[in-house]
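Below: a set of structures, written as structure tokens.
Next, two complexes with chain A in common: one pairs it with chain B, the other with chain C.
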Partner chain A sequence: MTPLVELRNATKDFRGIKAFSDVNFSLMPGEIHAVLGENGAGKSTLTKVMAGVHTLSEGELLIDGKPERLETPSAALAKGIAMVYQENSLVPSMTVAQNIYLGHEKTFNRLRGIYIAAQQFLQSLSFHVDPTALVSSLGAAQKQMVEIARAVHQQARVIIFDEPTASLTPEEKRYFFQLIRNLKKNGVTIIFISHALEEALELADTITVLRDGELVASQPASSLDRNGIIRLMVGRELSGEIYADTTETRKIRPLGRKILSVENLSMGGLVRNSSFSVYEGQVTGMFGLVGSGRTEMMKVVAGVIKRDFFHGGQVRLFGRPIRYRVPAPAIRDGIVYVTEERKQEGFFETMSIAENIHIGQVVKNRGGGFQVMSMNSAREAADTWRNRLNIRAINPDAKVIELSGGNQQKVVIAKALIQKPRLVIFDEPTRGVDVGAIAEIHAFIKQLADDGIGVVVISSYLPEVLAISDRILIARQGKIVEEMEAGTATEESIMYAAVH
Partner chain B sequence: MSLMRPIKQGLARVLGGDGDYSVTVPVMDGPLKPNDVIEATGRVAQIPGGANIAEIDGTLVASRGPDLLTVSASGEAAPRGTYDADITALAVSDRGAIALGLSGRGVVIENPDGTRRHVDSAGDRALNCVTALAFLPDGALAITNGSADFAPEAWFHDLMHHGASGVVAVLDPGADTATLIATGLRYPSGICPIDGSADRLAVSEAWRHRLVEISRTGRKVVGDLTEELPLYPSRIVPLRDGGYALCNLSVRSQLIEFVLRERRYLRRMIRDVPPEFWIAPALSSKHSFKEPLQAGGVIRLGIHKPWAPTRSYGAIVGLTPDFHPAWSAHSRADGHRHGVTSLVQTSQGLVALAQGNGDLFAISETGAPLAQAEDTAKDAS
Partner chain C sequence: MTTPNQSASNRRGFGLGNIAVTQELVVAVAAAIMFLVFSATLDNFLSSANLITLVRNVSVLGMMSLGMALVVIGRGVDLSLVAIMAVSMTLAIVLANGGWSFGLALAAGLAFSIAIGAVTGFLVAYVEIPSIFATLAIAAIVYGLGRGGIADLDVNNLPPGVDWFIFLGRGSLLGIPVSIWLFAATALLLHLFLRKTGFGRFVYAIGDNIETARITGISVRPVLMLKYMLAAFTAFMAGAVTAASVASMNMRIVNSTMIYDVLLVVVLGGIGLTGGRGGIRNVLVGTVLIGLLLNAMTILDISYTVQNLIKSAVLLAALVVEALLNPRDEQTSQQGDI
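What follows is the complex of A and B.
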């Protein structure tokens, strides 16, 4: 049988960074195909190539056995391939019905007619969503339903779902699974990306596992079990080359004083009754899949976002209850958060290295009155940090935008550390950073812990978590579900705790 | 300021906001991470109804009601003496004197030469609820009296009545009466000298979940040593190689914290419900289907989940010389060695008594099990 969609020796790179390489992938007609892998394994990019969002750098895309080049999502849709994205792609100011019919409107539209048709269509899918409601008024699960309904409405032959169940309740998931099975019965082929292995095992006919941008397995779901999939997802033989400082070769730092105590913390639906502690003189690694709430937990601690006003739990810093509405008081109390979104939140890209680092100091010392700023002292402080962190730039006054990713990240770190923190929270500190800079950043993080500072490192990359953590916290569904000693934790055990 | 404080407190109470009204419980992680050490370790003896243990000349002694028993190396218990009331605390001095707290009767000290002293008050306070005793390096006896209103057997009544009438007293050698050195404590239930000092005392304040330093000469609480424990701390025992071992009455739970803040509910519960079925901590539980927190046990296929909410719990916490938790040994919700309130360091390790089922067991000085229990506590129950 000819595969409906096929990728041959497919490679996709973004300015030299490979999202996936040399992948051979076949999608057979009428099958449900699960694509699994860690964060950053290349799952979304692979499916986006099939949906016309990205084009291949190398290799071939074949549809019905014929080579095709899908330049746009509409070109993919014309070939019968639709994608339901992880990030919402609905127009919030339009109604549910208008979103479903967007791009397929008749010349003369009668709104009432669209609503009636949408109502019938949504009912046929067992989705209880009001077609006249504005999308901006819907919850995450209902938005997801509208996304799914839109893809089904486009009568696609292939529907790609990226993390379709992440925001659905168990009841909604049941409906969704039934919908998938119904679509299959009607001859629609499904690809879905998921972190929930049980869903893949329950629904899929074929499971493909990606790891570090390479396809490591593509086989019938019946031949795999949960543990086997986890092994395939995390089994990096090459990981030791970059993260050679594994727990077997290094000494775990002893616990110091308890710096931070988070008790029953809640924040919206993302953090649910979560409790954990952080100790001085240790690197506390925090691992969790996307949506596990780990970043939000630490953002609440650092005052970037606020916890729930009603029964939001309690956060204590050195035993003292704290509640920050903005980051400034947290910084003054010694808590700094090094963001994962460095380009949006980490620095001012048109300002120089010295100016960016100096801003950190200004925030720390912000008082009620006027402050006299000396650019000479700012440059001196920046020079100290440039040397400490080995920030490489053509000249000291170079703008941050001109630096490489690794050096930009070092500026963000310097800006945080000039504030003399007692607790530093690194969120994905090495994301988009070259290998050399990764080693330098890791060495610096370890040095901070050796100096007695409390360090939290949030990371989606298991070898990184294992290489630098003394203690590992694992987040799932908005709470810390497991604590592991770095000496006994393995990639498999961490992943097992993160998905079960 | 003076007006804002009650307004803020009122808002916090209504909205479940900050501070005490957030009804949160510190997490047991890091050195307090739960394990099954207490359940897994070997049994030294079994003394159902036992309440306290001590070591006299290398021999273990235990109290059961008004009786003092000698526990042989093989685990046999033999009577050593009987007293007027239930023995609530025990201490042995380097010189061989034995101090016994007697329920409602104060403290009796028996010297090796056969002389006997009885003290039943400290200042104007009756020593009706002696919870812990410790001999100090200068021969004085430090006494904690948990509550002015309740006997030691009714310890959880004091918690549910928001008791804050505990005192610490010191009986100097040769003195006729004890001297009060701290009052207004919320159930002091453990005491020991800090760094072998006769002036600096570590006291566990159970209802405030903390250990405090009390200055004997200054007659005041100096400050916190360890705070926000997820347990109700009890006896503190200095270890020979430095550090301390802390026993605990039970574990805190959000439900109990919540009930403690709901005054009207609390009053009705105390009035209408038998004490054994109160939503309150206990030294042992799972005796009746009427007990609260049964549904939280999540018993499926005969398996009681160890992480389930529970009224009773067994925990020993090892503390560093500066009173930071270093290790812990646990008997979790599915265990039976709950209510570990008495501990003594012997040549065999740390021997502790679980009041929940009367087991005497031993663990190492670093909180490791010493031997696999051949006959587990579960069999015994």
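What follows is the complex of A and C.
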């Protein structure tokens, strides 16, 4: 049987950063195919290539055995491949029927006509959704139904789901599985990306596992079990010297004074009743998969997320209850957050390195706005930190936007550390950073802990978590579910706690 | 030592030997050429009466442009400046005519303008209304207050016996009109504010990237309010100079195209509407160029309608150039989802 969709020696890179390389993948007609892997393993990108969102850098894409080049999602749709994205792509202010027919309306569109057609169509799929309801009034599972209905209506032979169950309740999940099985009966081929191993094992015919952009296994689901998949997902050879610190000889830093204690923290649907503590003089690693709420927990602590969404729980800094609406008071109290979105909220692109770093210092003081600015003190402060962090730039007046990713990240870190924090939260500190700078940033983070500062490192890269943490917190579904000593934790045990 | 702005704009411009070509320099040179051409070709251009008119207009336009520049650098726009200028001064005049001492009446006008600035700032910073809509509504409300509540007539004359105040508009010191001194002083103060105080740096930071500013720990909302209050202050100053030079204030100016002239000065001078870029020097060159242009068009007796057409065309061209010079990077420099 010819595969419906096939990738041969496929590679995709974004400006030199490889999302996946040399992947051979085939999708057989009528199967349910699960694609599993850690964050950043390349799952989304791999499927987006099939959906026409990205094009391959190297290698071939074959549909029905013929080479194809899908430049746009509509080209993929013309070949019968539709994708249902993680963030759903429905128009909330339109009705269900309008969404299903979106882009396929007749020139003179009659609402009554499409309502009747949509009603019949939804019934044929046995989806119980009112076609006249506004999408904004639907729940997550119903929205997903509408997305699926739209894909089927567009005559899709292959439907790709990106993390379909992430936002569903257990009941909605069961219903969703039923839908998937129905689709399969109707001859639709399904790919779904997931973190949830049980779902994959329950539902899929074939399971493909990606790890660091490489396809490590693609085999019938019946030949795999939970532990086998976890081994496949994490079983990497540790990559060289950067992460060499995981050896037995490493000394674990003891617990210092308790800086932060978080009890029963809840925020919206992302953080649910989470409790944990952070201590001085230690690196606390925080691991969790997408949607585990790890970033949101720490953003609430640092005041980055507004209190409007802050529903409950208690956060104490050195025993004193705190509750920040904006980051400014958190910073004055000594909590700084180093963002994972460097380009969006990390630095000021019109300012030089020195100005970026100096402004962090000015902000720290309560009356900072009234402070008289002096170029010399800005230079001095910036020079100190340029040397400490080894920020390489030909010209100290260079704008940050002109630097490499690693040097940009160092500027963002310097801007935070000049504020003399007692608790630093690094969110993905080495994302998009070159290998040399990763080692330097890791060394620097460890130095901070040795200096007695409380350090939290949020990372979705297991070797990184293992290499720099003294204690590891594992987040799952908006909660810290497990706490491990760095000495006893392994990639497998962490992943076991993180998946659901 | 180069100011941050110099170094930033130098890198944006392209080199021409040792001189970097920036929008600021181009505008300054254009203004100089225009001055020479007008001097040579227009009969009355160099007459003292015309030069005094030119200078007075320039100082009023320039003063308001300083306020607008401050708002734009912090990524925003303030369309209510002309309304604040006219109505706050009218309030002062009406109070003075109603028996208040003139100094006290002026103080009340100033307080009124700053209060309006505070309301605008609150709407933008706390209620999170886009500045263009908030200030458009405020402009209409302020003008409505002026015509409906404060005064019955559009034109209100200064009370007699305030020669010291008239001196601000008509007198000169060391051979230079006082209104120019006032403009220069306001420009210097705002320059020092922007360059030498923490608040000034915060305004740039917020204009550059408000999310980064927030995470860095800048109290974004109070700074935004301060920005609109200072802009309202410059509008009041502009109103004072206007009233002093013609001994009255005409509220009909709110319905003129003056606010577009102000915006034109700021954009043409090289202050990007994307925020975080440019400084007071950009306002100075922009003011001179637009002042010359408006004056020459008046001497040439170009009709009001055609003048508006020319000005709007120049504004649109300047906006296009600005969009080409400062594209927003967020959209273009994003990496793919790996």
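Rule of thumb we're sticking to: the second predicted complex is superposed on the first by the 446 of 500 C-alpha atoms of A that agree within 3 Å, B and C clash if a C-alpha of one lies under 4 Å from a C-alpha of the other, contacts with A are read in each partner's own complex, and residues count from 1 in each chain.
Please note the rule applied: a contact is a pair of C-beta atoms (placed from the backbone, for glycine too) under 8 Å apart; a residue touches a chain by one contact, two chains touch by 3 or more.
All values derive from a computational prediction rather than experimental measurement.
Participant: Given the superposition on chain A, are chain B and chain C in a clash or a fit?
Facilitator: fit
Participant: Thinking of the overlay built on chain A, is A:S275 touched by chain B (first), by chain C (second), by both, or by neither?
Facilitator: A:S275 contacts chain B only, not chain C.
Participant: Looking only at chain A, is it chain B or chain C that touches more of its residues?
Facilitator: The partner with more contacted residues on chain A is C.
Participant: After superposition on the shared chain, which partner residues are touched by A:G313: those of chain B (first), chain C (second), both, or neither?
Facilitator: A:G313: touches chain B, not chain C.
Participant: Does chain B (first) or chain C (second) touch A:R110, or do both, or does neither?
Facilitator: Neither chain B nor chain C is touched by A:R110.
Participant: For A:R471, using the defined touch cut-off, is the partner it touches chain B, chain C, both, or neither? Pick first, second, both or neither.
Facilitator: In the superposed model, A:R471 contacts chain B only, not chain C.
Participant: Check whether A:R257 is in contact with chain B, with chain C, with both or with neither, and answer first, second, both or neither.
Facilitator: In the superposed model, A:R257 contacts chain B only, not chain C.
Participant: Applying the document's definition of touch, where does A:E483 land relative to chain B and chain C: first, second, both, or neither?
Facilitator: first
Participant: Using only CA atoms and the superposition described at the top, report the least gap between chain B and chain C in Å.
Facilitator: Least C-alpha distance: 23 Å.
Participant: Mind listing the chain A positions that touch chain B in their complex?
Facilitator: Residue list for chain A touching chain B: 255, 257-258, 261-264, 275-277, 279, 309-314, 316, 319, 321, 323, 471, 473, 480, 483.
Participant: Any idea which chain B residues touch chain A in the complex?
Facilitator: 15-19, 22-27, 29-31, 33, 224, 227-228, 254, 324, 326
Participant: Show me the residue ranges of chain C that touch chain A in the complex, using the header's touch definition.
Facilitator: On the chain C side, the touching residues are 1-2, 4, 7-8, 11, 195-202, 204-205, 208-209, 211-220, 223, 276-277, 329-330, 333-338.
Participant: Mind pulling up the chain A residues that touch chain C in the complex?
Facilitator: 14-15, 17, 19, 40, 42, 44-45, 48, 54, 304, 326-328, 330-332, 336-337, 339, 343-352, 355, 359-360, 362-364, 368-373, 375, 397, 399, 401, 415, 419, 432
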